[in-house]
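Structures for review follow.
Look for chain A in each of the two complexes below; its partner is chain B in the first and chain C in the second.
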Partner chain A sequence: MQRDRLRVIGFSALLGLAFLFLWQALTSVQPAGRGVPGPLAVGATAVQMLAHPFYNNGPNDKGIGLQLAASLGRLGVGWVVASVVAIMGGVALGLSPTLYRAVNPYVQVLKPISPLAWMPLFLYTIKDSSQSAILVIFMSSLWPTLANTAFGVATIKRDYLNVAAILQLSWWRRLVTVILPAAAPAIVAGLRISIGSAWVAIVAAEMLIGGTGIGYFVWNEWNNLALTSVIFAILAIGLIGVLLDAVLGRLSRRLAYTE
Partner chain B sequence: MNGSETDTLLAEAAERAVELAVLGGRQGRRAFIERVGAATAGAVLASVFPMGAARVLAQDKPGPLEKRDLKIGFIPITCATPIIMAEPMGFYKKHGLNVQVLKASSWAMIRDISINGETDATHMLSPMPLAISLGVGSQSVPYVMPAVENINGQAITLHAKHKGVKTAAEMKGFKFGVPFDYSMHNFLLRYVLAEDGVDPDRDVQIRAVPPPEMVANLRAGNLDGYLAPDPFNQRAVFEEVGFIYMLSKDIWPGHPCCAFAAKREFVEKMPNTFKATLFAILDATQYARDRAHRKEIAAALAPRNFLNQPVEVLEQVLTGVFPDGLGNTRNVPDRIDFDPFPYHSMAVWILTQMKRWGYLKADVNYRKVAEEVFLAAGCREAMRTLGQKAPEGNAVKHTFALGKTRVFDPDKPEDYMKSFAIRRV
Partner chain C sequence: MSYLEIDHVTKFFPATEGGGEVCVFRDVSFKIEQGEFVTMVGHSGCGKSTLLNIIAGLERPSAGGVVLEGREIRRPGMDRMVVFQNFSLMPWMTVFDNVRLAVRAAHPDWHRSAVNQFVQRYVDMVGLGGAERKRPAALSGGMRQRVGLARAFSTEPKVLLLDEPFAQIDALTRGVIQDELVRMWTASRSTVFMVTHDVDEAIVLSDRIALMTSGPDARLAELVDVKLKRPRSRAELLDEPDYQRLRTRILRFLVDRAPRPAAGEERRAAGEGHPGAGGGPGFETPPARDPARPRVPLASVTSQA
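Our next item is the complex of A and B:
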């Protein structure tokens, strides 16, 4: 087991190094200062940016740490609100097959809409660009949790519900002690998908609205064709995405149960 | 049109202010007017208080500022030079304002955050306040435009693979970018194409692309060219992906481009703040006009907080000494220039083009719209207060460097429009 793990890590590191080497070799062929930057140039930019992650030179120039924090803040608000709404809606849909069938066509129509398509409408109606961005996150994290919760609740073993009925539990106690714990693994799986798609959406939303955030940062550096910063930001976005997923992955492992 | 016309808005706002001051608030005013009738009230007031001299913008010092902390939106292009540089170079501070300049990602966005009130005043393309006031391509919100930012300063840039192209007639089938539908860029590009018999709606494709994204699109081959604000023309040369085909001053010398604009509501609710902001902008514009200051300005605009561009590129744009991408170094001192005066005739020309290309379907009183949005008289008075020279007339005949109908007479807009062979009406 231990040896197997070591072998995987070694192989993974080798792949990474090979990729970096290939990248550097390919970009070294270009004339200096032109074309796609190599890993060394990106590394230099990364060092520079990580040295002062929280500097603030005014509304249009902030450190990478502040940009990421702004994005995570937006993500947090949008995702938490969406999750609460989606779990409540999902429980209702899961408990009532009639309601589920009645609502399902609408959900199916709304689900495939790119959350960004809502942006002009939100801007027009809410009249606030940062709230619109949060609503975009809301829309992108609503559906996976809703669908998973509904599925999780609908497939709870009948026995559990029957026992709850025999014990004459109040609907609240039934919800808290039986339904939610039983559906928890499915709900958390939904939350995990949601936070991933929300993180994907936030970058695009921030490129549209401007202001502060990692998406805006990418856009601002793109204007200057500063590709080293863009590549570094892409890596940062990826790493944060992994972290978010890992947190929820850990949560889902704790909530898993065997019957 | 002549110089004696006033911008009714500012005059009215001033009279209201005087009435309020003399008669002790709205209650006093209403009681007084009820007693003697509006006409008599006006006459009585005029006798004790010279209205003309009281116009808000004619005062030497603005009254107490209604609001000190302002947000002003901008798009990162050299056209916005006075609006942006007024922050790092202290022109807003000089007039008692604490201004944050906020970078916006596209013209649609700058329109929406301005309409929503997230910014107090804003950088716009000069056709935008006209279009928004008319409710064309936007919800209808009354806007005013007290100052033009820059004149000239745009260019048609083509992809390097089109180096052989010598006339617009060879551009059939091209994909062009312009910053926004309601932009001088769109109207000038259409003008150039149509003069060479290329129908801009049928023979080429013109798309709205936010200026900062143009070079990347040109490089990717997504666009064959664009008529765009700088620094993105010069940046394309710098990146060796394109060349400058034509400067916009060779289409219409002295054409307006970007503008300083605000909701009419801002002027009415905060006349003093509005005036102080306009003063700061006019001061900055005057400073930018002097070619000796251009290098210093390029350095002030270059940081990430503002244009986020190499200083070298900005210097090439602002000084007018630049490589054109075809191997020549050109020296065109008025490549970009800064002149704030918003001639009504500029607005009328823009409206004729909006009609010509079908953006504006309804009949429109060119002159009235121009007077309501382009505050020529207000700008003149503010310029004079600052000791700057301002033109006498509110409208002039504009002469083009290119085209069959070279002279635009603002008194005959319909005739002018009908003189074009290619048009949508």
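Our next item is the complex of A and C:
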């Protein structure tokens, strides 16, 4: 077990180093000042940016920490609001087969729509780019949680609901002591998918709205032809994504239960 | 007036194929006195668990009704607690919280410390002290059902409904938990209705045993008094001739009825007689019938309710 783990880590590190080496080798044969920057150049930029992550020199020159914080702030608001709405809606759909079947066609149509497609509509109606971005996040995190919650609630074992009925629990106590905990694993699985797709959507949304955020940062650095910054930002986006997923993975392990 | 009265209860279920309805059991009537332990024995499919669910208020009868202390049962209530065959504990809750859920439901006005004290009493009573923080998945079947019993008794119900409570517990543990059940029942003096297909279990525990014919269209065949004195010990009962006689009688009933159509059907036919009975072959004498097959195709038995 322990040896297996070490072998995996070793192999993983080897792959990473090989990739970096190859990358550096390929980029160093390009003419200087043109082409894709190599890992050393990106590393130098990373050190520089991480030394002052929160500086603020006006709208077009902010530290990467501030940009990420802006994105995470939007993500937080949009995702939390969407999750609350989706869980409430999902519970209602899960408890009523009739409602579920009546609403399902609409959900099926709405689900495949890219959350960014809503952007013009949001910009036109609320006339605020930052809030529009939050609404895009809202749209992107709504469906997975809604569908998973509805499924989780609909498949709660009859026995648990019978116990709740015999104990004559009020609807609120039934919700918090039986329905939500019973469906929790499915709900958290939905939340996990949601936050992933929201994090994917935010980059694109911020490229459109401009101002702040990691998506805007990537686009801005591209306009400055600062490709080292772009590559570092891409890595940062990936790492934050892993972190978000890990937090929800933890939550899912805490709420899991075996029958 | 009786304490708990099952009054001409009939239950139809939708047929699995071809529409229509199938009668599970028909016209089941009997009375249970306060503090009595009555067990229903019958083959799978005779609807005994369905009847238990009707008494619990989880299902509605197609015809007839159940009356507890003069009031008709229409929905579940705290006066009737069920112990389920599959335990039905909340798997995300600890042993303590499972019992606590019931105690809080029974006493919503109690202070937290009073609730906890009460829960602890029942957890200790079933010998689960020390396992309070465990989840059901970490317990054996026997221990899980102990939690089920603690949960049911902790609400001090008027009627305890046991739905094959020992079916999923290994034979050695079963006897121990049955003894615990008797002890708790004796202390609480609640009324018990149990469903089982274990004849020994029924005899050891019950005051009376209700025998159901086989389903579909099952009937209550008879109510057998168990006159063995209490407390009953399994070891002594084995040498008791009354016990053996009772056991043989019930087993014979079950074996005899197993492959045949509803015995109630035959008895009723014999009792009422058809026009030809006793007076030579009548005009409407039905053709000789294969006793292994119901008189009416099942799919055509439809609801009259």
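Quick note on the criterion: the second predicted complex is superposed on the first by the 259 of 259 C-alpha atoms of A that agree within 3 Å, B and C clash if a C-alpha of one lies under 4 Å from a C-alpha of the other, contacts with A are read in each partner's own complex, and residues count from 1 in each chain.
Quick note on the criterion: a residue touches a chain if its C-beta (ideal position, glycine included) is under 8 Å from a C-beta of that chain, and two chains touch if they have at least 3 such contacts.
Fair warning: this is a prediction, and the values are worked out from it, not measured in the lab.
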| item | value |
| --- | --- |
| When chain B and chain C are modelled together on chain A, clash or fit | fit |
| Which of chain B and chain C A:G210 touches, first, second, both or neither | first |
| Touching partner for A:L225 - first (chain B), second (chain C), both, neither | first |
| Contacts of A:L255 with chain B and chain C, given as first, second, both or neither | second |
| Touched partner set for A:A165, first chain B, second chain C, both or neither | second |
| First (chain B), second (chain C), both or neither touched by A:A182 | second |
| Touched partner set for A:T98, first chain B, second chain C, both or neither | neither |
| Partner chain in contact with A:Q2 - chain B first, chain C second, else both or neither | neither |
| Gap in Å between nearest CA atoms once chain C and chain B share a frame through chain A | 50 |
| Residues on chain A lying within both footprints (that of chain B and that of chain C) | none |
| Chain B-touching residues of chain A, taken from the complex the two chains share | 34, 57-61, 120, 123-124, 127-129, 207-211, 216, 219-226 |
| Interfacial residue positions of chain C with respect to chain A in the complex | 56-58, 75-78, 80-82, 84, 86, 88, 90-93, 101-102, 105-106, 135-137, 155 |
| Complex interface listing, chain B residues touching chain A | 76, 100-106, 108-109, 112-113, 115-118, 139, 212-213, 215-216, 235, 239-240, 303-306, 308-310 |
| Residues of chain A defined as touching chain C within the complex | 159-160, 162-163, 165-169, 173, 177-178, 181-182, 184, 255, 257-259 |
